[in-house]
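Each of the next two complexes has subunit A plus one more chain, namely subunit B in the first and subunit C in the second.
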Partner chain A sequence: MSVSYTSILWNKNKKQYDIAIVILIAVFMATFTLLNVTLHPEITFETNLIRSFGWLAILLLHVILIIGPLARLNPKFNIVLYNRRHLGVTMSLIGLVHGAFSIMQFHGLGNMNAFRSLFLSNMRYDSLMYFPFQTLGFFGLIILVLMAASSHDFWLKNLGCKTWKALHMLVYVAYALLVMHIVLGGLQNETSPVIFGIVLLGFLMIAGLHIVAGLKEVSTDRPVKESDEFFIPVCTVDEISDNRAKIFTVGDERVAIYKYDGKLSAINNVCRHQGGPLGEGKVIDGCVTCPWHGYQYLPGNGQSPPPFTEKVETYYLKLEGNQVLINPKPNEPGTAVDPVEYE
Partner chain B sequence: MTRSLRKRHLIMWLVITVLLTGLLIYSRLHIPVFHGDQAQINRAK
Partner chain C sequence: MNDDFYVGWSSEAPKGYNRKAMLFFAVALLSLVVIAIVYVRSEKGFVDSLYEFGTLQEVSGELVEHPAWGIKTSQFGEEKTVLLVGFGKAGAGETLKSIVNKNNLMFGQQVTLRGQVFHFQDKYGMELTAMEESFVSAENRDVTARNIKDLGRLTLEGEIVDPKCFFGVMDPATKAVHRSCAVRCISGGIPPVLAIRENGVFVDYYILNSKIEDLSKEILPMVGVPVTLSGRVTQYDDWKALEVSPADIQLVAQSNEEPGLTAGIAMCGR
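So, the complex of A and B:
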């Protein structure tokens, strides 16, 4: 959280995260280059670079795409989700190096403009075997570069959460384009089934995890039993851990009921920053803290502490013995609601 | 994530899975290098 924009709000966790990214890249580049030189001594230095950067970019894209569903299946993975945007920007830059080298190597040495050559030198869109796979990679890369360029909170604020999220959901389209780019391109010259197997395994892992996580979310989205009563029972006080929340689907959206300092409060579960699950966060220094990027809200009124301005909806609660009941009608974002005290 | 975004997310993944699975199966069956038909590869060259 920040009042003004700075390029990167460095902290210890982000630095450790970035060091891990650099180590991952260095290990991959050293191993891949060594393997390539040993197994394919005939290829040139430029081709080696194109292949190394290309495979590194697709490996990082796989890592990025499994972080989301892993964090939804197990909140322990939130720690890798925290600084995922640095991983995304790094992956886009590596993809850009792969794209730039490829265009220079395969299209930059003739009479025709390199970009015209990219689109016009092969027009066999009717053939899978000779499909112009480079155009697929080009459009996939454009999406990744646009995402990297708009990854800063400045763009999130100015584009609005909905537009920004829609733009960043295009990563799945980019992934599909890039898998097709590999299958119809690089794999065409690969007679060994190993690489095809790795690509297939990567795809099955990503698609499988997303679908499993999505189905788990659908089952969580079953609303608590509605009744004609003004307040509906959701759980007992003992079911909620101290300084933590329990999440319920009430009406159309999820609500997080927090237990802290002998009190209970309920707020909307969706963080205003990037839609993180507030109910999976802790109460730290009296504030509900989003597990994704640390945005904070006061549980009593759903407002970020001053000078921040984010607000979420609040809900009325009441206690009947040990039973917690909630009024499913949300209050306007930022409405103060007296917390319910329990014995 | 909001409920509608979660739904779109799941639908998008189901669509991508179907499309890419189709492509991978088709390429395994029809693109010579994937099913090892060296004679057809040589003819194409």
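So, the complex of A and C:
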């Protein structure tokens, strides 16, 4: 967390992360290019450039898209989720090289503006086989570039969490567009089933991991039975680990009930930073700490400690013996609620 | 430090988390390398075309207008007609008309032009990169007779390509990937060429001609897809030209093999 906006808050982990990204890129480009020059000496510089950057971008997009579900399945992968922004910006820049060079190569120096040519040169929008696939790549790339440009917390703060999140969920639209861009474009020339298999395998891996992570989330979801009672029973004290939380669905909201220092507090589960699951976090130095980016909230009032200003809704709890009960009506974000003490 | 929880902004991470990060990047690196190897090994390869990018070469020979602007020369082995194209995705027409007018040239006259040469198999072309500055010199010599023969009416199956990209600048310069580029080149005045394949190998080429004012505009929807064309074929030295009207161009039903690979020359009578 940072009070002021800094382009990058460097630390040891971030530097190691970025070194790993550079190694990924360098090794891939070297392997791809050297092998192409060796096995296909007739390949032109332009073709190798367009193909290598295009494939690197789509492969890095796969790497990015599996981080989310992996972190849901195993919290230890949060360490690669934390710096995913760097990977995303790098991937979009690589995609931009592929896109810019392709537009220059295929549409530049003609009798029509290159961008108009992109949409008007091939008008077979009615055909799958001859579809102007470059337009799909163009729109996919626009989404990725917008995401990269708005990836900094400055934009998150100014756009608002919901708008920002909605924009960044478009990554799945971009992925779909780019897969179709490959299938209707590159795979029309390179017809090897092996290459088609790579694309299919990538899609299955991403879809499979998201489904498995989603199923896990559904299975751990603890919907609270609706009741006319003011307080509804949710669990026993023993079911919650020290300094950790359990997540319950109360009404339409997810609520995290935290157990710490002999007390219980309930706050909304959604972090105001990027929507991370606060209930999967931990109480550190007296603050609920989000597992995604380390944003912190005081469990008693749902407020980030000063000078930070983020707030989440709080809930009233009570104890009947060992049984924890919750009032399903949320308090305004940042409302102080006395924690419930247990023996 | 927490040994079971990673705080993103903290400079230290628990050992278990660091191991997961290393595992993640190691698997990602291995996957990228394997995919690069598998992909490149699965590429079907590239034709041996060449575009001498950045090298301006002088070509001397007889200036011809039919079946397309060119220089008939023996500079590259056997006598052949080097197709002339303009800078970028443009035909050579405007540039050559200007050169011809400015220097009082005539067709059949010996000229020397400078540009970037491209070639594939025995077909050569040259981009007049410097446009009007591409003209080097001209001299008066006896005009040699051209070998022009009527080969009769043929029906051919192939793909309409732009010769500049096809014979050198880009590889591959056919089918879906190249379609938009070919459309730009042909609409820019580069003469369309019908490329014929047999068993996946290019074997024959026909420059498309027409009596209609703007053939390129009419045939643009047919560029880069398998087509069947009928028309009268004329041999101009080492090039063949097919006289077509758009009505004689039909799309070929998609074969089960590969788009554009259906080849074969069906002679419908001479």
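By definition in this document, the second predicted complex is superposed on the first by the 327 of 343 C-alpha atoms of A that agree within 3 Å, B and C clash if a C-alpha of one lies under 4 Å from a C-alpha of the other, contacts with A are read in each partner's own complex, and residues count from 1 in each chain.
Please note the rule applied: a contact is a pair of C-beta atoms (placed from the backbone, for glycine too) under 8 Å apart; a residue touches a chain by one contact, two chains touch by 3 or more.
Keep in mind the model is a prediction, meaning the values are calculated, not measured.
**Q** Does subunit B (first) or subunit C (second) touch A:165, or do both, or does neither?
**A** In the superposition, A:165 touches subunit B alone.
**Q** Figure out whether A:279 sits in contact with subunit B (first) or subunit C (second), or with both, or with neither.
**A** Touch status of A:279: no partner.
**Q** Contact-wise, after the overlay, does A:180 reach subunit B, subunit C, both or neither (first, second, both, neither)?
**A** It touches subunit B, and subunit C stays clear.
**Q** Of the two partner chains, subunit B (first) and subunit C (second), which one does A:302 touch, if any: first, second, both, or neither?
**A** In the superposition, A:302 contacts neither subunit B nor subunit C.
**Q** Check the residue A:330 against both partner chains and state whether it touches subunit B (first), subunit C (second), both, or neither.
**A** Once the two structures are laid over each other on A, A:330 reaches no partner at all.
**Q** Looking at A:137, would you say it contacts subunit B, subunit C, both, or neither? Reply first, second, both or neither.
**A** neither
**Q** State whether A:189 touches subunit B only (first), subunit C only (second), both chains, or neither.
**A** both
**Q** If we overlay the two complexes on their shared chain A, which of subunit B and subunit C does A:128 touch? Say first, second, both or neither.
**A** In the superposition, A:128 touches subunit B alone.
**Q** Subunit B or subunit C: which reaches more residues on subunit A?
**A** Ranking subunit B and subunit C by residues of subunit A touched puts C first.
**Q** Using the superposition described at the top, list the residues of subunit A that contact subunit B and also contact subunit C.
**A** On subunit A, the residues that contact subunit B in one structure and subunit C in the other are 129, 184, 188-191.
**Q** Using the touch definition up top, name the residues of subunit B that touch subunit A in the complex.
**A** By the definition above, subunit B touches subunit A via 1-3, 5-10, 12-14, 16-17, 19-20, 23-24, 26-28, 30-34, 36, 44.
**Q** Which positions of subunit C touch subunit A when the two form their complex?
**A** 2, 4-13, 16-21, 24-25, 28-29, 31-33, 35-49, 51, 87-90, 170-172, 174-181, 183-185, 187-189, 221, 224-225, 254, 258-259
**Q** So in the complex, which bits of subunit A are touching subunit B?
**A** These residues of subunit A touch subunit B: 128-129, 165, 169, 172, 175-176, 179-180, 183-184, 187-191, 196, 200, 203, 207, 210-211, 214-215, 217-218, 221, 249, 252-254, 270, 275, 277.
**Q** Please output the residues of subunit A touching subunit C within their complex, sorted ascending.
**A** 1-2, 9, 11-13, 16-17, 20, 23-24, 27-28, 31-32, 35-36, 39-40, 42-44, 46-47, 55-56, 59, 63, 67, 70, 74-80, 82, 105-112, 117-118, 121-124, 129-134, 184-186, 188-192, 194-195, 198, 281-282, 284, 289, 291-294
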